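Supplied in structure tokens, the structure appears directly below.
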Amino acid sequence: MNIAVYPGSFDPCTNGHLDIIKRVSAIFDKVIVAVLCNSGKTPLFSVEERVEILKKATSDIPNIEIVSFSGLLVDFLKENNAKIVIKGLRAVSDFEYEFQMALTNRKLCDNVETLFISASTEYMFLSSSIVKEIASYNGDLSGLVPDELIPIIKSRFGFVNN
Amino acid sequence: MNIAVYPGSFDPCTNGHLDIIKRVSAIFDKVIVAVLCNSGKTPLFSVEERVEILKKATSDIPNIEIVSFSGLLVDFLKENNAKIVIKGLRAVSDFEYEFQMALTNRKLCDNVETLFISASTEYMFLSSSIVKEIASYNGDLSGLVPDELIPIIKSRFGFVNN
Amino acid sequence: MNIAVYPGSFDPCTNGHLDIIKRVSAIFDKVIVAVLCNSGKTPLFSVEERVEILKKATSDIPNIEIVSFSGLLVDFLKENNAKIVIKGLRAVSDFEYEFQMALTNRKLCDNVETLFISASTEYMFLSSSIVKEIASYNGDLSGLVPDELIPIIKSRFGFVNN
Amino acid sequence: MNIAVYPGSFDPCTNGHLDIIKRVSAIFDKVIVAVLCNSGKTPLFSVEERVEILKKATSDIPNIEIVSFSGLLVDFLKENNAKIVIKGLRAVSDFEYEFQMALTNRKLCDNVETLFISASTEYMFLSSSIVKEIASYNGDLSGLVPDELIPIIKSRFGFVNN
Amino acid sequence: MNIAVYPGSFDPCTNGHLDIIKRVSAIFDKVIVAVLCNSGKTPLFSVEERVEILKKATSDIPNIEIVSFSGLLVDFLKENNAKIVIKGLRAVSDFEYEFQMALTNRKLCDNVETLFISASTEYMFLSSSIVKEIASYNGDLSGLVPDELIPIIKSRFGFVNN
Amino acid sequence: MNIAVYPGSFDPCTNGHLDIIKRVSAIFDKVIVAVLCNSGKTPLFSVEERVEILKKATSDIPNIEIVSFSGLLVDFLKENNAKIVIKGLRAVSDFEYEFQMALTNRKLCDNVETLFISASTEYMFLSSSIVKEIASYNGDLSGLVPDELIPIIKSRFGFVNN
């Protein structure tokens, strides 16, 4: 069975993430979305909240599992009997860093392979950071994240849902 | 009337910024330099000081306005009846990020256009960060910022003006 | 009056070119589309044909002029009393080359400014070369070039219009 | 069944290609190596020869098929009931072009996905062009292509096998 | 006498740094490794420790000197009668920033030249940050840093040496 | 003795090339400018002419030698007892290709090192191709190539010297 692990912070998950999740789940037997507990940063949503949000947003996809993880990605892969990592790519800066991580992970574990998939053109500009920046000024988030997530994100920035 | 908005932190403004301001003011009817209040960072100069410095440095340009702004750039544009954003480009890293912001701004507001202009070759290496790093070691700032700004920057880093 | 010159080969013009032409004509007083006679390559369409195709495709834009040109772009600008060049950008490779040309043109003529505009996300992948490659295998061109151009391009590659 | 198509010219195939073929065949049910008939260029080896060379070099991989193809990649995928394209990446220039092709292929066929895989560090510099350039000066090809291919390549450049 | 200065944080030094030091010491009369006191960050190792670690790791190289420095690099070069800076390059992001620093240093001091040297393929992915990230999860550091450094780094992250 | 080899086509040599030659000759004991006989292209100037032009333009530099070469660069280095290659860098595209060549040359010969040096800001845009393109339209070459070379280049494109 081909298991692909799609790791990330997903703080919050965007329509770009969901697009990649859908596309990847169509080509692998199983996709594990691995939500990173990054102790270094103060997230907008807790890991538990992010897992919950992703579960709701992907409830129509049968071959998917949403879990949190911390530690080295290669250890997570071993524990889950997986050897494929999926990373979305938007632009060159992404590529540089992800390339470096892919080579590092292969150094740490020989049979781990990272496969890169390009973002769809309509989400090429989209990132969690941009969503948070727009939200912090009460800007329009429609089309950027799932509709039901918009009031939740906005309330985190102190704006009354409208 | 063609109004171009040139947004940035300008902390401090460099000769590279002034070069772009001059070149842009020669091709648009009016240029609004929008000085960003970035609440997240501790600036070297307050927004009011940065506006003042830019006003002095551009006093010979008739079709220019220097204002501070916070919030979303697209909202600032609407309030000022402008739809053109000007961004200077130095190198690929600049380009990636600015490209992403340009696409985001078009998503938020259909008729906003970002036009990129290349830095002049002699300022290709210059940024506010590099000015601050050199100043922090009392290095030579001549040619990097307006001459009258040099003692002011140096005094911020605790060096007696010489 | 702000005159922007948008130079290119346009062999053939794509929906990406037309998107940029529309956006640029909305922000400048006049746009001159300058169709390059490139003696070095055998084009799919003659310069006269390319001018004609662009004229038809932009017939609803009032402040536009389509002309052919050969020689140095800076000379063309002087003859047309223009100092603004517009270049569309899709990706880093584009950027590198265009940046170099912009700096060269400023060296040749002090007051020429090149402004870069990003392709819309939906045309980020599109180029005349890709249109020709797809057409050469009788692939689907819909959405890539104006509909009325599709049978004309296909017939150039020996396919009966369908 | 997950079928991955790995297209390329393979003129000649390098140890970098073979490394990617091995790694990809370990993660997909079946890999089809699609050798491109590029009518525009004069190849060093005919398509039939290239297919033969690849068959020998991959004879120990059970889930692989080597075939020639011409035309649009998306048509080849449909005929082979495949929807996954694999492309190796070495550097940014690769990435730019391949990204553009991936977006084009998705435009031509909705459910085609391109997955990028990074070259191994030891083959990061390697390409068919570099092999040919070194061979043309009778340089040392060991480690760059399969050993048994070295005398065949050298003889194409008029050097007696040694 | 040709003196090359190789500046960096070396927190900790990696096998990639040592590879470059060895290669550079083979082509210049003398190499000064300049360990940066960066007051802004909390390092894993103090400057004195980093100098000590580098001295041990390079004890077999005769024409080398390891010193700490703070301040502007151009001032350090003058004090040491040197005009050549060596910087290792791994990827495009490195290149952009280092290019900018090289041009800045030439602006500050006319006769300073920065020479870039590419990392060896096997260390292309390696950086001090990646070493620290792997170490923080008690991952395998073999091949990434000198063997004798591994228990020292691990103990800094609270792991008992094994 | 440190011998640096600076290889290139120099068809024609530009002020950018001469700037790098001057800077490199100031930091190495001897510089060999290696003018490439590229049989594949029709050059503007023969190899003999290019050597002659470079000799005149560098007659004031004592530690320089101008020679033609064909074949593999690593073979040329061995014959000349040199192990340092110097390459000028202007931008990312340059970097990618040159990086690949540097890694290839190290693969072919262990102790060959390529050192990259950035073009001066004023020559960042300059290349032999751009000189030829401008010359082909009788454009202004002053500042781009040595003054005495201008009429010679122009006459090659059929323009009477003025």
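For clarity, chains are labelled A, B, C, D, E and F in written order, and residue numbers in each chain start from 1.
Rule of thumb we're sticking to: a contact is a pair of C-beta atoms (placed from the backbone, for glycine too) under 8 Å apart; a residue touches a chain by one contact, two chains touch by 3 or more.
Keep in mind that this is a model prediction, so the values were computed, not measured.
S.K.: Strictly by the touch rule at the top, which chains does chain B share as contacts with chain C?
M.R.: Both chain B and chain C are touched by A, F, going by the contact rule given at the top.
S.K.: Same residues or different residues: which describes how chain A and chain E meet, taking over half shared numbers as same?
M.R.: The interface is built from different residue numbers on each side, given that under half of them are used by both copies.
S.K.: When the centre of a chain is set as the mean of its C-alpha atoms, what distance in Å lies between chain A and chain D?
M.R.: Each chain reduced to its C-alpha mean, chain A and chain D end up 31 Å apart.
S.K.: Using mean C-alpha positions as chain centres, tell me how far chain A is from chain F in Å, no decimals.
M.R.: 48
S.K.: Touching two or more other chains, which residues of chain D qualify?
M.R.: 92-93, 96, 99, 103, 121, 124-125
S.K.: Touching pairs of chains, which are they?
M.R.: Pairs flagged as touching, ordered by label: A-B, A-C, A-D, A-E, B-C, B-E, B-F, C-D, C-F, D-E, D-F, E-F.
S.K.: What does chain D use to touch chain C in their complex?
M.R.: Touching chain C from chain D are residues 71-72, 74-75, 92-93, 96-97, 99-100, 103-104, 107-108.
S.K.: What residues on chain C touch chain D, complex-wise?
M.R.: 90-93, 124-127, 130, 134, 137, 139-140, 143-144
S.K.: What residues of chain C sit close enough to touch chain A in their complex?
M.R.: For chain C paired with chain A, touching residues are 92, 121-122, 124-125.
S.K.: What residues of chain A sit close enough to touch chain D in their complex?
M.R.: 2, 23, 26-29, 83-84, 89, 92, 95-96, 99, 102-103, 106, 111, 113-118, 120-121
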